[in-house]
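Shared between the two complexes below is subunit A, which has subunit B as its partner in the first and subunit C in the second.
Let's turn to the complex of A and B:
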């Protein structure tokens, strides 16, 4: 397990040399971006216990933000982090709802997601409306446009790795412990002197900023934005990634992102039935236990023994 | 001498029910102050009002002379009022050590950025928090359980862990809500000694407890509530001899006997 992270990083870094296929690299770039998105929700749900169905909104703020800023002449390297910050700040409008718990919070964030979708779809002067934004610039580093799919892949994979390590550090810190404690018992957390609403809001901002980063990378990777990618279905997709990966496991979130992006591609062979098979696979995985993919080895090991 | 805690005319109504009716209480610093009374007398409600779990319907609270009536529970905790819960509220998915570390959260400063960058100051603070958390576990006798998840601890150990989490920051005032509930006689004796050591360490204690052995052994002063009203305050011996107290407990044979012994 100690070798898991370095081995995965090495494999991810060597992938373009091992399989120099443009479509595969395009897919793996999408996996890296989806992984960042899933890690953002993983932190919110797995560490602080807040269920958000509004991640598509922050993803959208990041995507359109970065596309518009680079369109206005800002360099990629400045626009992407700025878009992430902007997505984080946009979540501040949700501070009043962080007092809500469980399903109430989920529905409130879902409402936010629907509003964001409608804004993207209808504010044509800003977002291009249903036609979307076209001709978004390629990612660029040090003034050099990244034309090679391998370079774009490396950039996104490296950022996914940074987000993974950063959120792991955060979870394993004074701040992360406090968020984790609040998830388990708010009354006891308050009685220990924790500023519950502040910490929950900070988790929201962090999660939204990470989602915004994913959105910004998505914009420059696909280079076209339309409202369809930011509907509430996207929020659900992120939740599926986190849950099938295993709530509480950062590695699981990456695994879940890979499954949600890659499985429908592999299932193209079954044609129209692919989403049906995908849905069935999601249901089947849940039957194995709530640990998701990350909990699967343990669930299989326990299987022969008598279940409680 | 200024009392550590002074409650004046504390009232608390739940709808039409009067749980507390103009209760006065003064707690001297460095003492263990018992809070007893028949079931439903309002002991836990009073403790919740002191802790700030909910505001009083009337009256005022002063900590070391400063008015804290308007402060929320988390702010009072940061001022040095910590508590345990009658029905155990631990963080079951965290280790015993990390549970105690949450008690020390307010003493730390490291935020999101320093956690991301793992600056030397942040690492030093983490080491200090963990050392103090381990010390608190050791103080209550849980040094051997530091790495275990709180949810897997034996019942008696969970009670002790709650005390460790509340006592870790060396609070000015520690509110213990029936800490002996569910403990066997040996554990209750050990708990009595622990409360005495907490007092020696400089923390004032308010103890709500049904085990009269524990109350009479360790308390310096005892306040008796009955039907939400202050009935009597005095030394354990004085309380036991007070006819009003005996009358209040009359009909509750077990407790009346416990008081008489």
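Let's turn to the complex of A and C:
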């Protein structure tokens, strides 16, 4: 596993030279953005054990925030981090909810996500309503517009790698271990003197900010925003990414993001049966084992030993 | 707004509330027995609705009660089969609950798209099951609404009797309370669990026929309705049968009155805001009120 990260990073960096097709590169950029989104939920669910069904809301705050700020003249490099911070701040509204457990937290975040979707759809003066926002500026670095799809890809992939490494470090830190303890037994963690509510809220805000970053990148990658991308389906999609990859595995979240983005594209060949097969694939993957995709190698390795 | 019009809105709210209640009952029964948030519940409802409609296509003169029965049978068989084929296998492999819940989402996508292939992507109108209108003074109430409210209550009472008076019903209650103890006294866990899913599915199927006859049948109809019913179940307190009934009807009333008095564009948001507010005061939903009172 020590070699895994550098090799994957190298492969990801060399991908544009291996993929001559602009559309495929565009897809890989979408995978990188989806990976950031999945890493955000993976941190929340896998590390602190909180299930959020409202990631689409923070994704939307990041996307519209960055699109509106660059529209008002702010440079890309300032708007994207600001939008991520905004998304993190917007999750503060939900902080009182983090003391809820399990399905109750899930429903509360789901409710928030539906409210956010309705705001995006109905507040035309701000978000363009159902028509959406068009003509969002391209990503730019050091005053240079990134016109080459490979450059946009590199930017998003690099940010995804940074988020991956950052969240992994955070998960291994004192703070991350405290969150782990809460996930395993909230009452025991509280009894050991951990400030449970504070730590859970901090995880919530971090996850929202990461989702906001993904949203901001999405806005400048696709360059058009409509309410459909921020409906409850998006939250479900993120959850599928994390669970397919294996809850608790950051690398799995990236793999899951790749599957959820690429599989429906690849299945275009089967036309109308596309989503039917996708749904079946999700069920099938769940039947494979507890670790999701990240647990597959382990499951395959264990199997021969089990035989007498 | 006049009193008569107000009453009309209320009847509409109660009718749609009955649909939510029936679905919420299914969520509650399933979560209590197995811990699963059954996201495919809305799709089971949709399939029930489609099957009821297909029964009407085959036999246009079919009695409404039989249409309802067709929907219930379809929903019950479907949900029972899902438990036997998918969830039971997953449970036996000791898969984490999160994975089972994701499998329900997968099944939900699967069913939705299967229905789109089978019944098409256009909304399908139910023929009017009832004609004429009931007039009380100057008040005109659509017979559909009364039919839905009446049948909804009848089904809920029947369910309550089934769960509290019959052996299979009591077995379902027992496995929900303590699966190990229930098995020790000789209850077949597998069978009771499948029964729980089948009953929950039948409730959803009934809700589907009702909702279909009120508006129309549509392959995507289960999605948002299912979510709202889940919210209603949470409002009442997950796992509580009485709470689910109350939560559903309350949610229907809030949504209908909210649409009339506040804003129809934000009609879904009102219920959600209320939900978050209630959860903050009562983290266990309305069922927590009774526990606290004790």
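What we mean here is this: the second predicted complex is superposed on the first by the 302 of 308 C-alpha atoms of A that agree within 3 Å, B and C clash if a C-alpha of one lies under 4 Å from a C-alpha of the other, contacts with A are read in each partner's own complex, and residues count from 1 in each chain.
To be clear about the criterion, contacts are C-beta pairs under 8 Å (C-beta built on N, C-alpha and C of every residue); 3 or more make two chains touch, one makes a residue touch a chain.
Bear in mind that the values here come from a model prediction, so they are computed numbers and not experimental data.
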item	value
Fit-or-clash call for subunit B and subunit C when the two complexes are aligned on subunit A	fit
Per-residue touch tally on subunit A - higher for subunit B or for subunit C	C
First (subunit B), second (subunit C), both or neither touched by A:202	first
Superposed arrangement, angle subtended at the Cα centre of subunit A by subunit B and subunit C, nearest 10 degrees	80
Touched partner set for A:214, first subunit B, second subunit C, both or neither	neither
Partner chain(s) touched by A:96 [first = subunit B, second = subunit C, both, neither]	second
Subunit B versus subunit C as contact partner of A:189, first or second or both or neither	first
Partner chain in contact with A:177 - subunit B first, subunit C second, else both or neither	first
Subunit C versus subunit B - closest C-alpha approach in the superposed model, Å	7
Set intersection of subunit A contacts, subunit C complex versus subunit B complex	none
Subunit B-facing residues of subunit A, complex	166, 169-170, 173-178, 180-181, 184-185, 187-196, 202, 206
Subunit B to subunit A touching residues, read off their complex	51, 53, 72-74, 77-78, 82-83, 85, 89-94, 98, 101-103, 105-106, 108, 110-112, 115-116, 118, 122, 125-126, 129, 165-166, 169
Of subunit A, residues touching subunit C in the complex	45, 51, 96-97, 99-101, 103-104, 106-108, 110-112, 114-115, 118-119, 121-122, 232, 236, 239-240, 243-244, 247, 272-276, 278-283, 286-287, 289-290, 292
Subunit A-facing residues of subunit C, complex	31, 37, 39, 86, 89-90, 93-96, 98-100, 102-103, 105-114, 116-117, 227, 230-231, 234, 238, 265-266, 268-269, 271-273, 275-276, 279-280, 283-285
